[in-house]
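In what follows, chain A forms one complex with chain B and a second complex with chain C.
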Partner chain A sequence: MRADLAVIGAGPAGLAATLAAAAQGVRVTLIDSAAEAGGQFYRRPAAALRARRPQALHHQWRTWERLRDGLGTHVESGPVRHLTDHHVWLVERRSTGFTVHALLGPEQRDPAEVRADAVLLATGGYEKVLPFPGWTLPGVIAAGGAQAMLKGGLAVSGRTAVVAGTGPLLLPVAAGLAAAGVEVAALVDSADPLAFVRRSRALVAEPGKVVEGAGYAGRLLRHRVRTLARHTVVEAHGTERLEAVTVAALDRDGRVRPGSGRRIPCDTLAVGHGMLPHTDLAETLGCRLDGLTVHVDDEQRTDVPGVWAAGETTGIGGSALSLAEGHIAGRSAAARLHGTEPDPRAWAAAAKARTRLRAFFAALDTVYAPPAHWTELVTDDTVVCRCEEVTGGTIRAAVAELGARDARTVKLLTRAGMGWCQGRVCGPAVAGLAGCAFTPSRRPFARPVPLGVLARAGEADGD
Partner chain B sequence: MRNPLDLAGARPGPAFTVTLDGREIEALPGQTVAAALWAAGVTSWRTTRGEGRPRGIFCGIGVCFDCLVTVNDRPNQRACLVPLHSGDAIRTQEGTGHES
Partner chain C sequence: MRLTGDVVVVGAGMVGAACALYVARSGLDVIVVDRGPVAGGTTGAGEGNLLVSDKEPGPELDLALLSVRLWAELAEEFGESVEYEAKGGLVVASNPDGLTGLQRLADGQRTAGVVARPVTGDALYDLEPHLAPGLAGAMHYPQDSQVMPALAAAHLLRASGARLLTGRTVTAVARTPEGAVRGVRTDRGDIHAPSVVNATGTWGGELATLAGTHLPVLPRRGFVLVTEPLPRLIRHKVYAADYVADVASDSAALQTSPVVEGTSAGPVLIGASRERVGFDRSFSLPVVRELAAGATRLFPALADVRALRSYVGFRPYLPDHLPAIGPDPRVPGLLHACGHEGAGIGLATGTGHLIAQALTGKTPELSLTPFSPDRFPEPEEVA
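Let's look at the complex of A and B:
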């Protein structure tokens, strides 16, 4: 079956786009890697766990119910097809329309192809984690990973956790772990969230966010979680698994204050330093990127005809912004697929929300930042590239002794970024150690593809 | 003590048995390999190719490939993505997983 519009990603942006386009009579195929819609934000326990109170792990549950019911209605009545367990590895531009190439199921061995006249990329983002000694020990996990395991698997990895790094994600992660019975020994942020509260202008425009933040703060107080602002984890300790972390205070310049270290016993460290957008599919299509994000116009169109983008892939800004962008993208795509000029008045409310939320997250970005001198924490024997086990010392030698000035040269000299994850995890760290800006590395495929699948891809096509 | 299953009001079907390196552990319907191993108190199930260091879950969403594990003799499965079924045999993956 050929779709008018292929939406890739069933998180908030992709769902909002699907509903908006389908409401305008567009046949949508919604393609997503998970077994159920919702994305990372609305990740819910697997159906077989039969959770009666999944909302205990979420906020904005009513928004989810609206999205879920809307999707259900459109799937039942026909205009929307929802393909679950489809891991998209390439979107190919053809002479007429697009072919979306995916691998099926968690095994990702067998292929599936979807043809569409237009494509809407709502591929979301993933977490940035910067290295420090001990960060490869079992028990050290990405903050978002801890949350995914809790929301999806109703699983926690231990009894005592430290939540650390920087960014707004740390609050719900700490609150979620505490509510699930984990003792959260400390919430460690290299930024000072109070500094943000003092910048009242951004907050006055976002009363909902103030309530949300206050809600988490209240829950953390109730669970007696101690917050250490302007602190950082300098080392994770253990031999076969995590046993403790050392945290230390940061001075005004973002350097560790000598003598301020203290050891906190824990079996889990949930750590994150912000979010990165998934842009592989857009890059392969030839879409223009602004830095790390996909460039879009006011209608959420990329600069490639027939390709729209919405949500975190166009800039990290959370679920409410993703919903607004997805709605606009869906309306725009529907109008243009019908051969008409869209009327922006049709999405005026979403456009207003988009403007407001982009300003809010731009302000947030000025507050939440990793320690300015985080590279000083990376010792020469700290593993930086987790896949290929390349250390800080090896990368520094490539820079200082072999003259590498960019991440690509470092990769060619050291293998950092050449492994399974293709530099998604170590990319920002390698760039930091090489002293260059982190830029997306061009990858022809968005995930590993079996050679047999690659050899047969597109065979069924006539054009 | 409070646990995540209670928090979400989960009433899963009966637990079933899988094996980890031949040892029986219990898993719940719907759990991924990673979730079941965590619930059994296991946090690492792979050793690296170079230094032979233990690894378990890291990103939790299929991006980082740190949680690779051998399931039913197929190596390099992402434990955070693969759901378990009764009787599945999980093996700690050493190196590339193709050597043993």
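Let's look at the complex of A and C:
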């Protein structure tokens, strides 16, 4: 079946887009890698776990219920097809429309192809984690991963956790762990979230966010979680697995204060340094990027005709912004697929929310940042690229001795970023050690694809 | 700081690195300048082939034989740092006609000094156990080897002791009133030297223009597919007999012939496509699909192996498929070392060696006449 619009990603942006377009009579195929809609934000326990109150871990549960029910209605009545367990590896531009190439999960061996007149990319973001000594020990997990475990499995194996890094995600992760019965020994943020309070204008514009943050802060207080602002994890200790971390205070310049280190015993370290947008599909389509994000216009159109983008792929901004952008993108795509000029007044409320939330997250970005001199914490024997086991020392040697001045040359000379994850994890770290700005590297395939599938891709009924 | 040397090599790719090494070792003071990083152009997008097998008898094969010998010497010095591997090449024929053609080519190559051993029947599967069944036979070329090109360029540059200036764009070639070269102008200052070597690969035509002369280098695009790391599944560089014809073809249209090889790092590299589409970097599913299809035809077991990425590069193509090597008689002091098409890594050592001989007044080991930079007709003046 050929769709009018293929929406890739069933998180907040993709769901909002699907509902907005379907409401205008567009036939939508919603394609997502998960077994159920919701994305990372609305991740829920598998039905078999029979969680009684999954909403305990979610705010905006009612929004989710509205999206879920809306999707159900449209799927039942026909205009929307929801393809679960479809891992998209490429979106191909053809003379007429697009072909979305996916692999069927979880094995990702067999191909599936979807033809569509237009494509809407709602591929979301992924977590940035910077390396430090001991970060590869079992027991060190990504903060977002911890949250996914809480939302999806309702169980975290650890008893004592430290939550560390930087960014607004750390608060809900710490609160969630504490609520799940884990002793959270410390919340360690290299930024000073209090500094955020001083950004009064952005805060006034976004009272809901203040309430949300205050809610988490209150829960942390109740669970007696110690918050260490302007601190960083210097090292994770352990032989077989994590046993403790050393945290230290940062000075004004973002360097570790000598003598400020203290050891905190723990068996879990949830660490994260913010989010990065997934832009692989967009880039292979030839969409213009602005730095790390997909460039879109007021209608959420990319500069490639027929391709829209919404949500974190166009800039990290949380679920409410994703919903607004998804709605606008869906309305715009629907109008243009019907051959009419869209009327922005139709989405005035969403546009207003979008403006406000973008300003809010831009302000947030100025507060949350890794320590300015984080690369100094990466010792020569710290593994930076886990796939190819490339150490900080090897990368420094490529820079100092072989003349590498940029991440791509470091990759060529050290193999850092050439492995299974294609530099998604180590990219920012490699750029930092090379002393250059982090830019997205070209990844023609959004995920590994069997050669047998590639050899036949797009052969079925050419149109 | 005034930058002065004996020779400016423009281009920090494989050919520039080899020129820097051999020229510096002949006693001259070398400065290497590149607008990008080390190995930022075609070198960083290549497989690192050191091949004699794909060349017809003639000047290019002679240069390849010289180069393969020099690479073996360098391998002793650079050891594993450049991932040199004398793995040998295996050219397979799917039918008896193809095999006859291979034998004819090998007969000619042998007279030039190439070692080529016919392989038939079970012996073929002893060499490559995972090859598709039912192939007519193959030719084994033990001299074919491989290096990791970016590492090779970086290590040769470092060993040369040349001053390396990356991120610096040559904006003009400075010349005396008589027309002789006296250095280059860059966006970050002048570099003075009586000799300039054009090792800018696919961009060699641009540098020739800056020097007031003409060299018709064109890009010929190629994609390479890279798989997940595997235990050694493929031992040689393996390619189908029609590759030789594709290499020698003048067509601008897409040609693909499977070239498959394992690497010491684990991934299998799959080439080779050729198209003349300018400097278009955009991904092409039809091309990459052909590569995957060709590779899985040769090695059916690869069908379940995952491709992690593909990359694209631009071979520096000259109309007669031969590089431009040596002094440019039209511009005293300008030497060319570019236009090696898909063979630049392999031919780099011989090229560097010949350039060093030319710069030090020695008789070159091979005649430079077939590689003469002024062998192409001048473009017609636009009225």
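The criterion applied here is as follows: the second predicted complex is superposed on the first by the 462 of 463 C-alpha atoms of A that agree within 3 Å, B and C clash if a C-alpha of one lies under 4 Å from a C-alpha of the other, contacts with A are read in each partner's own complex, and residues count from 1 in each chain.
Following the convention adopted for this analysis, contacts are C-beta pairs under 8 Å (C-beta built on N, C-alpha and C of every residue); 3 or more make two chains touch, one makes a residue touch a chain.
Small disclaimer: the values here were computed from a predicted structure and weren't measured.
Asks: Touch test for A:E389: chain B only (first), chain C only (second), both, or neither?
Replies: The first partner, chain B, only.
Asks: Counting only touches as set out at the top, which of chain B and chain C does A:G215 meet: first, second, both, neither?
Replies: Neither chain B nor chain C is touched by A:G215.
Asks: After the superposition on A, what does A:A455 contact: first (chain B), second (chain C), both or neither?
Replies: So A:A455 only meets chain C here.
Asks: Which of the two partners, first being chain B and second being chain C, lies in contact with A:T409: first, second, both, or neither?
Replies: second
Asks: I'd like to know which partner A:G286 touches here: chain B for first, chain C for second, both or neither.
Replies: second
Asks: Identify the partner contact of A:G419: answer first if only chain B is touched, second if only chain C is, both if each is, neither if none is.
Replies: Once the two structures are laid over each other on A, A:G419 reaches both partners.
Asks: Classify the contacts of A:P344 with the two partner chains as first (chain B alone), second (chain C alone), both, or neither.
Replies: In the superposed model, A:P344 contacts neither chain B nor chain C.
Asks: So, A:G139: does it touch chain B (first), chain C (second), both, or neither?
Replies: After superposition on chain A, A:G139 lies in contact with chain B alone.
Asks: Where on chain A do the contacts from chain B and from chain C line up?
Replies: 419-420
Asks: Which of the residues in chain A end up touching chain B in this complex?
Replies: Result: residues 33, 35, 40, 45-54, 56-57, 106-107, 126-127, 129, 136-142, 144-150, 152-158, 179-181, 240-241, 267, 386-389, 419-421, 424-425 of chain A touch chain B.
Asks: Applying the document's contact rule, which stretches of chain A touch chain C when the two form their complex?
Replies: Those in contact with chain C are residues 90, 92, 109, 284, 286, 398, 401-406, 408-409, 412-413, 415, 418-420, 422, 442-445, 448-452, 454-459.
Asks: Using the touch definition from the top, list the residues of chain B that touch chain A in their complex.
Replies: Chain B reaches chain A through residues 1-13, 28-32, 34-36, 38-39, 43-44, 48-51, 53-66, 68, 74, 77-78, 80-83.
Asks: In their complex, what parts of chain C are in touch with chain A?
Replies: Residues of chain C touching chain A: 12, 37-40, 44, 150-151, 154-155, 157-158, 164, 166-167, 225-229, 265, 267, 270, 282-283, 285-286, 288-289, 292-293, 295-296, 302-311.
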